[in-house]
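Next up: the structures, one after another.
Below are two complexes that have subunit A in common, paired first with subunit B and then with subunit C.
And now, the complex of A and B:
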C-alpha cells in the first residue's frame, strides 16, 4: 500500500494497495514528523495547537480543582470553611472551570489530534486555529474575571432573573464562538483529508467518535449562542429580561449537551487508550459506529431531565424525552461499555492471558497510568454514573432526588470519575508523544489514577447517600445556623457530609499529583525527541 | 506498547478494519456486564421502593 515516509509496515494480502484501508501519502508539505513510539504521522502545526489547548486545559483544571477543595471543605459541616458569599462565588467558578473550560480545551486538543494524526493530514487552517484559541482564552479570562471579582455570583446555570455583569455573558459567548471555530477547523481538516486521499477506507473509529462529538458540539454551541446573546443584551440594559422558562429550556441545550460532547470524546479516548496501552482493536466497527450515531440522534434529548420538576413543561414532554428517547442514548453507552472492555479482553487473551474469567484483567498493564486511568474511568462511569443516571433520569423517581446532593453525586462520577480521569490517562501519552517530554517520578504517576479515582468514588457515594437523606445541593449551611425554627439533618447525613469532605480532599491530592507531574514534565521533563517514549 | 515487540499503534489503527481470524470470546466482559445489569436492577428497584414509601398510593 502507499504509505507515508514514516515507514509504516505494509499490509500483506491480495487486495490492491490503493484499496486497502489505512494511511496513504499525506499532504503535510514537510511539516510533519513521525512518532517514534506509535509510528503515527504528527502534523507540526496541529502539534503546536494540541500543546496550547492542553496547557490551557491544565491551567483551568488547576483553578477548578482549588475551587473544588474549598467547596468540599465548606460542605463538610465540621470545617465549614468559606463564608456564604464566597461559597456561591467559588461554586460558580468551580462549575465553569471544570465543566466548560478544562474539558472543552482538552476536547479541542483531541479533535486536532484525531483529525490530523490519525488521518495523516495537515490541519486545515493555522490562522483559524489561532483565532479559535485566542477567542477561547479571552472568553475564559473574561468569565473568570467576572466571577472572581464578585460580579457573577449566579452559579454555572446563571438562571434568569439572576443577573451577572455583562462581561460574564460576553466571556461565555467568546469562548463558545472560539470553540465553534475550532470545531469547524476540525471538520475542514476531515474534508481536506478526504479530498487529498491521505487515507483509504473509512476513518478510524477514534476519528469517527471525535466527529460525532464535533457534531454534537455544533448543536450545543448554537444553543449557547441562542440563549446567551439575548441574555448579554439584557445585562447591558438594552432589552427586557428573557423569559425565565425559555431560558432554562434553551440553556440546558448548552449546559447538558456540552457534557454529552464530553461523553462522546471520553468514549473515543477509551478506544484510543485501549489501543495505545494493550494493542486492542475495536471488536465490531458497525456496532461501535452505530452507537456513536445513537449519541448524535438521541443524547441531546437527555437535557430534558434537568427540567423534570419544572412547572413550565408538561408530563408528556418530560416522559417522552427522559424515559424513552434518552434510553437510546443509554443503549449507546451500554454498547461502548461492553465493546471497550471486550476489546481489551480479546487483546489480552491473544497475548496468552487466558486464566479463568478475569485472568486477562489481572494481567492488564495496571502500572501504566494511561491504562489504569482509562479502565477506572470506564468502571466509575458505567457502574456509578450510568446506574445512577438512568435511575435519576426517570421522571417519577426524580421527584425524590431533584435538587438534592444525589445529583452532584451522580455527575461527579460521569464528568470527573469518567471524563476527567480518562483525559488524565490521555495526558500520560500526550505529554511524552506530543510534547516529547518524559514524566518524572513515574512511581507517583502510576499511583495517581488510583488516588484520584478512590477520592472521587468516596465523595460521590457519600454525596448520593447524603442526598438520600434530603441534603440539598448548592447549599452553604445544612445546619441552618440562626434559623428561627429547628432545622437541619440527622447525624448520618452529617457523617456522609464528612465523607464528602474527606473524599474530596483525597481526590484533590490525586489531582495535585497529576498537575505537578504534568507541569514538571512539560517544562522540566527529559526530552525524548527522536526516541521512543519510555515504557510505563 | 507495553512490550517492545508489540505492533505499533499506527499498525493497529491501520488494520482495525480487517477481520481477525482468531477467537473473540469475551466471557469475563460478559460477567462484568451481567454484574452491571444486576446492580442496576437492585438500585432501580430500591428507588421505586423509596418513592412508594415516600408517597404511598392509597
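And now, the complex of A and C:
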C-alpha cells in the first residue's frame, strides 16, 4: 500500500486474521463488500443507512447554516438584517436544525458504522432502520413546517407556558422516537455480533465510545419523552400546563445529557480520525475506556448548571451538582484531552518526526482536512470549550453569565467548533469510503477546516466578551428602542457585536465550502468503487 | 488501533506519564470540588434559589398592596415605590414591562420578591450584570444590598415573545 499522506498504510495489520483476537467469520450472508482502502468489511444494508442519515444531516446543516448567517447579520449592529419576528423565528430554526437535526442524524450514521463495520457484523434489522429513519425525517419535517410557518416562535427550549402549535411538539416526539429506535437497532447489532461470534475478545475503542454515547442517548431520550408528552397534550388543550420549573428541570435532563452524547460521539470520532489520518493507536485502552465510563456515570447530575440561578432548586442541590458531580465528568474530558494528542504524538514520532518538543505536530498531515478538522476540533473544544464550560458551571460566575451571550459563546466552541467540526472531518472520509465518491477541488477542502475554525473562534470569543458586558442572548435590539425605560450597552459591547457578525460570516463561508464540496462529491464526484480512496 | 480489536490482556495500569496527568487532573478537580461549597459560604454573591410557590393572581395582589403602601410618585405610567429598608419588596414581570420602579437606599438590605404574571422572564440588572431566572408560579426571593448609588436598568434576558427586546425597567439607588 503506497498511501502515506492519509496514514492508511498503518491499517494493513487490520486485515482479518483467524490467529489474532479479532475477526472471526462474519454473519453477512453475502450482503457485504470489503473496503479496498481499509480492508474492513462493510455491511451493505448499514452502508445504505449511513448514506441516508448522512445526507439528511447535511440537508439540515444547510438549513441551519443559512439561518446562522441571517442571525450573525442581525446581531451585527450596523447590519441588523432581519425584522424582530423573523429574528426570533430564524433563531428557533437555527437551534433545532443544528443542535438536534444535523448532529443527531450524523450520530445515527456513526452508530451504524461503528456497530457493523468495526465488528464484522450485519446491521441487526433493516426494517427497523427504515422505521427509525422514516420517523426521524417525518419529525424533522413537522418541526421545520411549524417553525417556518410562524406557529412555533418559542426557541428550541420551548419553555412552558410559552406555547407552540401541537405539530411542533409532535415533530420533536416523532424525531426522538425515531432516534431511540435507531439506537436500539445499534444495541441489537452489538448483541447479534456477540451471539454470532463475529469477533472474540473486547470491542474496539471506537465501538466502546459509540456504545457509551448510545447508553446516554437512551437515558436522554427518556427524559425527552417525560417532558414532551405532557407538553404535547397541553398544546392540544387536553391537560393543564406543566409546571414551569418542573419543565425546565426535566428539559435540561434532556438538553444537557444530549450534549454528553455529542461529547462521547465526538471523542470517538477523534480516536477514529486519529487512526485514519496518522495511524495512531490508543496508548492505554484501560485509561481511554475508563474515561468513557465516567461520562456515563456522572454526566446526568451535572445538568444542574442550567438552573444555577433558578428559583425552586435549593442551594444544597446546586452546590452538590456543581462540585462533586460535575468534576467527575470534567475529569473524563481531561483524560481524553491527554490520551488523544499523546497517541498522535507517539504515532508521528514512530514515523521519525522527532525534532524538538513539537516537531511531531508541525509534521502532522495538516493538508489532510480529516486531520486538520479533527485536531482543530480537539483544540477548540479542549481549551475554549472546556475552560468556558467549567467557569460558567460555577454558581457565582453563573450569576454574571446566565442568559447573556456568554452562553452561546461557550457552546459555539463545544458543539460547533468541537463536535460539528469533527463531524466535518469525518465526512472527508465517509464520502470516499462509504459513498465511494472522491471530493472535487481538494485544495479548497484542505482550507475549509481552517476557515470554519477561525470564524467560529472569533465569533465565540466576541460573544463571550459581549456577554460579559451583559449583552443578552436571544435578543433583537440591544438599544431597547421603544422600551418603557432606557437601557443599553456601551461602545465596547457594540464593537464585540460587530465582531460576532464578522466572525459568524467567516464561519458561514467555511460551512458553505463544506456543504458545496460535499454535495458536489456525493452527487457528481468521481466514483472510486473498486479502488482505494485517493490520498488526501 | 482505536478501530481494531485490542490485544488480549489490554487491561494494563497507566504508565508513569499517564499517572502524572490523571493525578494532576484529579487534584485539580478536588480543589474545585471543595471551592464550590467554600465560595458558597464565604462568597458575597450567591443564588440560594429561595423560592415559594405562588399563583400569579396571588403574587399580583401582594405586589399591588406593596405598591399602594409605599408609592412616592410616577414615571412613564409606572409607580415609583420607595420601601423602608429591610422590608419585603415586590417586582412583577409581565410581557413586556417590569413593575414598579424601585427606589432603594445604598447599603440597606431588601428582600426582593420577583414573580411573573405570564411567561419565563429574565431579571438582568445592568450595568452591574447580575442575572436571575423568573419563573411563573414561583416567588423568587433575592436578598439584595445595593452598594453603589445610581440608576440601574433591569432588562429581560429570557425570550418572552416578540416584544421581548422592549422589556426594560428601572431601579434607583440613593445615598
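Methods note: the second predicted complex is superposed on the first by the 512 of 536 C-alpha atoms of A that agree within 3 Å, B and C clash if a C-alpha of one lies under 4 Å from a C-alpha of the other, contacts with A are read in each partner's own complex, and residues count from 1 in each chain.
Here is the rule we go by: contacts are C-beta pairs under 8 Å (C-beta built on N, C-alpha and C of every residue); 3 or more make two chains touch, one makes a residue touch a chain.
If you're wondering where the values come from, they're calculated on a predicted model, not measured in any experiment.
Engineer: Among the partners subunit B and subunit C, which is in contact with a greater number of residues of subunit A?
Structural biologist: Of subunit B and subunit C, more residues of subunit A lie in contact with C.
Engineer: After the superposition on A, what does A:281 contact: first (subunit B), second (subunit C), both or neither?
Structural biologist: It touches subunit B and subunit C both.
Engineer: Between subunit B (first) and subunit C (second), which, if any, makes contact with A:396: first, second, both or neither?
Structural biologist: Both subunit B and subunit C are touched by A:396.
Engineer: Please work out whether A:484 is in contact with subunit B alone, subunit C alone, both, or neither, and reply first, second, both or neither.
Structural biologist: Only subunit C; A:484 stays clear of subunit B.
Engineer: Under the stated touch criterion, which partner chain does A:315 make contact with: subunit B (first), subunit C (second), both, or neither?
Structural biologist: second
Engineer: If we overlay the two complexes on their shared chain A, which of subunit B and subunit C does A:203 touch? Say first, second, both or neither.
Structural biologist: second
Engineer: For A:534, decide between first (touching subunit B), second (touching subunit C), both and neither.
Structural biologist: In the superposed model, A:534 contacts neither subunit B nor subunit C.
Engineer: Just to be sure I read the superposition right, which of the two partners does A:118 touch: subunit B = first, subunit C = second, or both, or neither?
Structural biologist: both
Engineer: Pick out the shared contact residues on subunit A: the ones touching subunit B in one complex and subunit C in the other.
Structural biologist: 11, 21-23, 40, 118, 201-202, 204-206, 275-276, 279-283, 285, 338, 342, 390, 394, 396, 399-401, 468
Engineer: For the complex, give me every residue of subunit A touching subunit C.
Structural biologist: 10-11, 13-14, 20-23, 40, 84-85, 88, 118, 153, 155, 159, 161-162, 199-206, 243-245, 248, 271-272, 274-276, 279-288, 307-315, 317-319, 322-324, 327-328, 330-331, 334-335, 338-339, 342-343, 390, 394-396, 398-404, 468-470, 472-478, 480-487, 489-490
Engineer: Looking at the complex, which residues from subunit C come into contact with subunit A?
Structural biologist: So the residues of subunit C touching subunit A come out as 1-8, 10-15, 17-18, 21-22, 25-26, 28-30, 32-37, 39-40, 43, 45-51, 76-78, 97, 101, 118-120, 122, 124, 126-127, 129-141, 153, 155-162, 164-170.
Engineer: Subunit A touches which residues of subunit B in the complex?
Structural biologist: 1-2, 4, 6-18, 20, 22-29, 31-33, 36, 39-40, 43-44, 47-48, 50-51, 54
Engineer: Could you list, by residue number, the parts of subunit A that touch subunit B in their complex?
Structural biologist: Against subunit B, subunit A makes touches at 6, 8-9, 11, 21-23, 35, 37-40, 118, 201-202, 204-206, 275-283, 285, 337-338, 341-342, 345-346, 349-350, 357-361, 365, 368, 382-383, 386-388, 390-391, 394, 396-397, 399-401, 468, 535-536.
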